[in-house]
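In the two complexes that follow, chain A is the common piece, with chain B as its partner first and chain C second.
And now, the complex of A and B:
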């Protein structure tokens, strides 16, 4: 079996397993899994830039929120139906990531991190500033009646699960394809040695801009999906915390692996769920776990499996 | 002339690494640039391929002024460049290193990329290491790999900055043979410290000293040139 076949097997296997999980798991857990799949889309978008291109952003909440509010505001204020509103979410994320990408790619390294953080903070403040429409931190709910596609109620757990699964699968397979395609290979080349890539004749800046945009749009798709399936948009999603989350998910799951973002999001979701049920100081538990993971699994869960056992892991 | 520079100058905070370098390289020639450490050789070729922005002066490649072009555009037009300090993709397999070089030119044509990659790997006798990580190769093999990445681009001007630095005797021999076979295929601009290599492969030599052209000539002429002897002896170099 070639590596390509193995990686198809892995991806379709994971998707099949998730489909099966809906019927096997109790409602509480399948509800959780729907959330995990949606945030895993965010993590996969982040991973494209961080894990594959080697650019560490601390401002991805901005792209997530662009999708969240792009869809949310159009449904809330303009009474758009879900599909056009979803498109609006994607376009909002596209525009924001193109503009921000153009500006931030003038910097590298620590400056890049700080500038992304700064822009995300500016985005957060903008959402608060237009509180009249966005309702700021408090946010707004999307009416159940408006969250319907072709008569299917997106607040129904089964429909919601299916929706999350479809979008998760499309993102997983799409990104896995891109990673193997020439474009994805140049991203990895830039991560590995940017100067060498440039001196092979690659337009590194243009490629990085494309990566920021793609990463931003996928993150925005996650935000739009979140608002649509869970019926809520609020400025909390634009805070620094939500920029740090995808970094943690990806680090824990395995940066630069296709399934790592999902694994990390799943692990962290249940860790927080479990720890917050046990103690007020659950963030401490989370912090300690992260330290342990970074110490003992420096490549994350999937990354370590790749280094130790399965060299073919995509 | 495939390459011409006029008045090429680089100043670092007032210190001139290159001063008004006029340089002409006919297509097909194998040219060596020699000179003591710090003479400005790396700076000079860096300005040619666009890695280092020139303070002033012009670079003409293949009849077109490329002075304003960024490095990747110059590479796209047919230059290839190997770094003085080995620069490969350490975390990628050897094969992918070469494929990345071939792919930029051959694009989505998978079969062509694969053929070119295989051809280069076997030409450099590193086929059996194709699946190793480049970072796991010995120093000598990394240098050879980087040369392979240059070959995979089928450059019309191949710039090599001290490619034999740190190679074992036998590897230097192989390098000489390789350059001689390449001689018929492309124009080579070679910075080289090892005078045996220079004398064996170069058709013509340019000597840089203190950022300026000290002499031009055939290997015989350069060997006999008193000023060159002086520059080398002056800096304690052989």
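And now, the complex of A and C:
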């Protein structure tokens, strides 16, 4: 079996397993799994930029909340139906990431991280400033009656799970395809040696901008999906913490692997869930994990499996 | 109050902010200058300085001045040792790789903050200032009756706020003399210029890194001990100083110590004045965007020379 077949097997196997999990797992866990799939989309979007292009952003919450509010405000204030509102979410993320990408790519290294952090902070404050419409930290709920597509109620656990699974699968397979395509190979080339990629004649800045936009749109799609399926939008999702979460998920799962973001999101979701039942200071878990992963597991879970056992892992 | 006295009041508030900010940002700037790493946990060292000040001041219990002096001496030292420990246990093992250091210090941020939440609790607690007399300020005017001066209602400051400004100036001058005039300062500058060459000349670079990391955190802690009688000790108080210190270090030019001081005065004063005259959220949005733009279009800051 060739490596391509193996990775197809892995991706379809994972999707099949997730489909099966709905019927096997108790309702509580399948509900959790729906959340994990949605946030895994966010992690996959982040991974495209961090894992494959080598750009560490500390401001992806801006793109996530662009999608979240793009959909949320349209449904909440303009009474749009879910599908056009979802498109509005994607367009919002597209515009924001194109503008921000154009600016941030003028910087590199540490400055890049700080600038992304600053823009995300400005975005968060902007959401607070327009509290009349966004309701600030408190946020607003989307009415159950409006969250219907073709008569299917998106707040129903089964429909919600299916919806999350479909979007998760599309993102997983789509990104896996892009990464194998020439575009994805170029991203890896830029990550490994930007100067050489430039010498070979690639327009590195233009390619990186495309990566930022693609990553931003996928993150925005995750935000829009989250608002749609769970019926809530709030400024908390735009805080620094939500910029650090995808970094954490990707680092734990394995940067630059296709399944790593999902693995990391799943692992951290249950770890944080467990810790928040034990103590008020559950974010301690986040800190300890970040430090331990940086010290002892620099390739993450899937990355370590790849270097140790399965060389073909995509 | 009229515009003139109001502006003077805002400037005084701004000067206090600027003094504390200069100390905190200087810590971040020294760490970046010598070690070439960004310490995201810097704000948490500040917060722990404030919390320790509360612990020390309440356990001494005698006259507030005694507790305050004890806090000012002990808290920064403890925070410095804590930071040196973080350097030894974590940063040394990831070889001060810039990106991994950021991730590791984000982790450290959560560990310190959440440990404080578990021990100190979620309440904000005050520390009593050692002295706090109210000083009314005169305002001069060249009016119809020639030169006159009076005390406008509300135009006043406290002796403690003036002390904060003076203390910050003294500490920063001491630091400047230590860096430029002493053997330890020379070793530090040698490490900053070329750590490999310094190592070759027998300078224990790793120890220098630990000391510098401790010094940086200690400076933040001094700033926090000074500010805690004005504000309160609170486990989430590290967020704003971190962001403001980032802004100051960037505007001043990464690695430029004089630039850091100038930027701290600029930003601190602006913060004080803007927040008196405009809504704080809009001011913050504006300030954050300006800084981001400075970094985008002038990546080395206003006084930055060295390339990172």
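By definition in this document, the second predicted complex is superposed on the first by the 312 of 314 C-alpha atoms of A that agree within 3 Å, B and C clash if a C-alpha of one lies under 4 Å from a C-alpha of the other, contacts with A are read in each partner's own complex, and residues count from 1 in each chain.
To be clear about the criterion, a contact is a pair of C-beta atoms (placed from the backbone, for glycine too) under 8 Å apart; a residue touches a chain by one contact, two chains touch by 3 or more.
Not measured: the values here are computed from a predicted model.
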**Report entry** Partner chain(s) touched by A:199 [first = chain B, second = chain C, both, neither]
**Finding:** first
Requested in this report: Mind working out whether A:210 is in touch with chain B, chain C, both or neither, as first, second, both or neither?
Outcome: neither
Requested in this report: Considering only the touch criterion stated at the top, classify A:188 as touching first (chain B), second (chain C), both, or neither.
Outcome: first
Report task. Look at A:290 in the shared chain and tell me whether it touches chain B only, chain C only, both, or neither; answer first, second, both or neither. Result -> second
Query raised in the report: Taking the superposition as given, does A:104 touch the first partner, chain B, the second, chain C, both, or neither?
Result: second
Report task. Kindly classify A:29 by the partners it touches after superposition: chain B alone (first), chain C alone (second), both, or neither? Result -> neither
Query raised in the report: Which chain makes contact with more of the residues of chain A, chain B or else chain C?
Result: C
Report task. Tell me which partner A:129 touches in the superposition: chain B (first), chain C (second), both or neither. Result -> second
Requested in this report: Report for A:180: first if it touches chain B alone, second if chain C alone, otherwise both or neither.
Outcome: neither
Report summary line: The shared contact residues of chain A with chain B and chain C are none
Query raised in the report: If you look only at chain A, which of its residues touch chain C in the complex?
Result: 56, 58, 103-104, 106-107, 109-111, 113-115, 117-119, 121-122, 125-126, 128-129, 244, 247, 251, 279-284, 286-292, 294-295, 298
Query raised in the report: In their complex, what parts of chain B are in touch with chain A?
Result: 49, 51, 70-72, 75-76, 81, 83, 87-92, 96, 99-101, 103-105, 107-108, 149, 153
Report summary line: Seen from chain C, its contact residues with chain A in the complex are 38, 90, 93-94, 98-100, 102-104, 106-115, 117-118, 122, 243, 246, 250, 254, 281-282, 284-285, 288-289, 291-293, 295-297, 299, 308
Report task. Would you tell me which residues of chain A are touching chain B in their complex? Result -> 182, 185-186, 188-189, 192-193, 195-204
